[in-house]
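Shared between the two complexes below is subunit A, which has subunit B as its partner in the first and subunit C in the second.
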Partner chain A sequence: MNKVECQLCPRHCLIEEGGRGDCRVRTNVGGKLFSLVYGDPCTVHVDPIEKKPFFHVVPGSQAFSIATAGCNLHCRYCQNWQISQVPPEETRNMQMPPEDVVRHAKNNGCRSIAYTYSDPVVFYEYTYDTCALAKDQGLLNVLVTAAYIEQKPLRELCKVSHAIKVDLKGMTNTFYQKMSGATLQPVLDAIVTIKKSGVWLEICNLVVPTWNDSDQDLLTLIRWVKNNCGKDTPLHFSRFSPMYQLNDLPPTPLATLNRAWEMAKAEGMSFPYLGNIPEHPADNTYCPYDGKLIIGRRGYEVTENHIKDGKCEYCNNVIPGIWS
Partner chain B sequence: MKKNNALFLALAGISVVLIGAIMADNITSMPGSYGEPAAVTAPPNTGDTRATEAVRQKFTRLGLVLHEGKYWKNADE
Partner chain C sequence: MVMKRSDFLKMCLAGLAGLLSLKGLKIFESMGHKSLKEARFYRSADTLLG
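Moving on, here comes the complex of A and B:
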C-alpha cells in the first residue's frame, strides 16, 4: 500500500493506508491524503475578540469562532484538550461548510471569524477556504495558533488572513519537547514569516510556574520578540491555571506576572499585557508616546476607547493595529 | 532446421508487433481520428481496491467525510 507523507507541519507524518497523522484528523485513503474535518466544526461560538486575545484588532467587536477536533501539539496544560486531543469521531460535530460560516458570522453581527480553540493548522483546508470567502465578503480573519506549520502552507494562509495570534510557549527546545511534544525553531520561523507578510501579529506566552517563569526565560522571550517582531508587537503574558495534565502546579503568582510586565516595559516593548488577571492595569492599552490610557478594559469588555482613525486621540500619534 | 524455424518465428512475431504499433500510431495521428488514446494504466490490484474501499466505509460508518488534503506527497517518491 502507498504511504503518504503529510507536509503541512514539521512532523511530516508518514501515514499508511487507513492511518492518521499525529493530529488525528488527516488520513491516507488509497494513497492520497484527506482531511477528516473539513466543514465539520465541533465548537462554534460568538466571543469577544479580546478573549483570543486580540487587543489591537477592532476592540469591542465580536468574533465568530470555530474549531474542529485535533491538534498537532499535545500541550500538557491544554485547556481545550477535550477537543484537541481526540479524533473527530469522538466530538459532536456540526456540518458547516465555509459559506455557512460566513453567513452565520454576518447574521450574528460579527466583524471577524476566529479560527481557534484547537489549532487552525490541522483544519487547514477548511480554514483556508473559509478565510478566502470571508475576506471576499469583507469580514476579518483572525487566527489563534501555536504556529507549528511548514513555511509554504503558512505563506499561503497569510494571504487570506488579517491577524494572527501566536502562542509562543517557551524559548527552549526542551520546553517545547517536554510540554508540547514539538520543537521550537519552526515556531520562531513561522512568527518571522507572519511578521514579514504584513498580517497583524500578537504574541501570547502562558507563564507556567517552574517551567518557563524564570527571569532568564522571560527576558529571552521579550528580547527575541522585540528583535524579530518589533517593539510595537503586542505581547501578552497569561496566567496559568491548573489544567489537564498539570493539575499539580499552582496558578502563576501575580508577582511573577507583574515582573514579566515590568521587564517588557523596561526592554522597550510598547504594548505588554497580562491575561487572566481581573481588573489589572495591564489589561489596558497605554499610548507609548504620551502614556495616557487609550483603551480601557474590564475582563473582555472595552470600557473606553480613545483611538480615532488609528491614532491616539490625545497626541495624534499612530497606534498600530486594525481598528475598523 | 529447428533452430532456423524458431528464429524465423521469433522474427515474425517481432515484426507483427512492430507493424501493429506503427499502425496504431498512424491511426491516432490521422486527422479525424478519435483523439488521444486513453492513458494505459496498470490493472487495479484487487486487494488494494478492497482495502481502500474498506477504509472509506470505515470512515463513513464513523460519520466522517473525506476532503482532499493539501501539502502532502507520496512517500515512495
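Moving on, here comes the complex of A and C:
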C-alpha cells in the first residue's frame, strides 16, 4: 500500500513507502512523492557558457551553473559520477532556494543560469521554479541534459527555458541500454519536442571508441539531426577521455573526430563543431553563406565575434542563435 | 525498571515505523534535509490497474 508511480521520466519508478526512485533523489513519504534535493545544490560554479557547450547563445558570457546530486541515467563514462551516481546524503549540499540562485547569478554578472553537471530532469521542481523566477527577471535559462524525460514535464519546462543542449549519446537502443541503462526513443522524442517548442537547441555526441564511432553510427546521427531538427542545429562531436567505468578505452582519435566533422559538413550541416580538442578550427563558427570565420574561439574563450544584430557582419545573412 | 525483551523490540519497531511516518519526516528534516518539496509528476499506485 501507499506505493507511488513517478511519471517524470520514462522509468516510471514504482516506489514503496520510504523508498526512492532510480535517480536516488525522489522519495515516497506517506503515499506522496517528494524531491529530496529542492534548493540543495551540491555544485555551484560560474562557467563560460561555451563550456556547456553552447556556441550560439550569448557567446563570451558567464553562466551561473548549478546541480544537485542524482541522475536518472547511469552512463559508464560519466565525468560527474561523484555527484550523479550517489544519493544527496553523500554530497556536500548548500541551501540555495530559487530566489538566491537568481540573486547570486546577477551579483556574479552572469547572463544566464545553467542547470547542468548531473541532470536537471532529476531536480525538476527546483529547475522549474528557478527558471520561472529567472525568466521574469531577465536572465536566460540554459539546460544541459540527457533529455530522458516524459513529454508532459518536458513541455512545461520548455515554457520557462531559453536554450537546451541535449547529449544525444548514440543512435541505437542497444547503445543506450549498455552504456547508460536507458532507452533511445524517449530521447529522440524529447529532442523533437524541444525543437518544436522554439527553445534554442544544440546537440552534443560524445564519440566513444568502439562504441559509437563507426561511419554508420556517425552518419545515422547526423542525418537524424538534420532531418528532425534542421541543418542549422549546432552539432557538437566531443572527444571521449577515459573516465569512471571506461578507463580501459583510449581517448577518441583525432582522425575519428575530423571524420565526423567532415561528414557533418558533407551532409549539409551548417554548424558542426568538435569539442575537447585544443585549438582546432572546428572550435570556430563559420558563416554558412560566405564561409568566413564569424566567431573565433580558443578553448572556452571567445577571441573574435563578427555577428552583429544576429547577422553575419560580412554578408548580412541571419545566423540562428540567441545573441543578446 | 527492567524492560521485557518483547517490549523493547516493540518499542524499536514503533520507532522505526515513526521514522517512516509523516512525523518521521520531521526527524528526517532535522538530519540535514530541509523541507521536502512535493514532486509534480506522479500518481498514487492505488489508481493503477493490475
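Basically, the second predicted complex is superposed on the first by the 323 of 324 C-alpha atoms of A that agree within 3 Å, B and C clash if a C-alpha of one lies under 4 Å from a C-alpha of the other, contacts with A are read in each partner's own complex, and residues count from 1 in each chain.
Just so it is clear, a residue touches a chain if its C-beta (ideal position, glycine included) is under 8 Å from a C-beta of that chain, and two chains touch if they have at least 3 such contacts.
Computed from a predicted model, the values in this text were never measured in an experiment.
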After the alignment on subunit A, I want to confirm one thing: do subunit B and subunit C clash, or do they fit together? clash
Scan A:Gly39 for contacts with subunit B and subunit C and give back first, second, both or neither. both
If you stack the two complexes on chain A, which partner ends up touching A:Arg298: first (subunit B), second (subunit C), both, or neither? neither
Regarding the shared-chain residue A:Pro153, is it in contact with subunit B (first), subunit C (second), both, or neither? both
Between subunit B and subunit C, whom does A:Lys196 touch in the aligned arrangement: first, second, both, or neither? neither
Which superposed partner A:Glu125 touches (first subunit B, second subunit C, both, neither): both
Of the partners subunit B and subunit C, which touch A:Lys308 in the superposed model: first, second, both, neither? neither
Once the structures are superposed on A, label A:Lys178 by its partner contacts, choosing first (subunit B), second (subunit C), both or neither. neither
A:Glu17 in the overlay: touching subunit B, subunit C, both, or neither? Say first, second, both or neither. both
Please identify the positions on subunit A that touch both subunit B and subunit C, taking each partner from its own complex. 1-8, 14, 17-18, 26-27, 29-36, 38-40, 88-89, 124-126, 128, 150, 152-153
Show me the residue ranges of subunit A that touch subunit C in the complex, using the header's touch definition. 1-8, 14, 17-18, 26-27, 29-36, 38-40, 88-89, 95, 124-126, 128, 150, 152-153
State the interface residues of subunit A toward subunit B in the complex, per the touch definition above. 1-8, 14, 17-18, 26-27, 29-40, 88-89, 93, 124-126, 128, 150, 152-153
Please output the residues of subunit C touching subunit A within their complex, sorted ascending. 20-22, 24-25, 32-34, 36-46, 48
Of all residues in subunit B, those that touch subunit A in their complex: 48, 51-52, 54-56, 58-59, 62-76
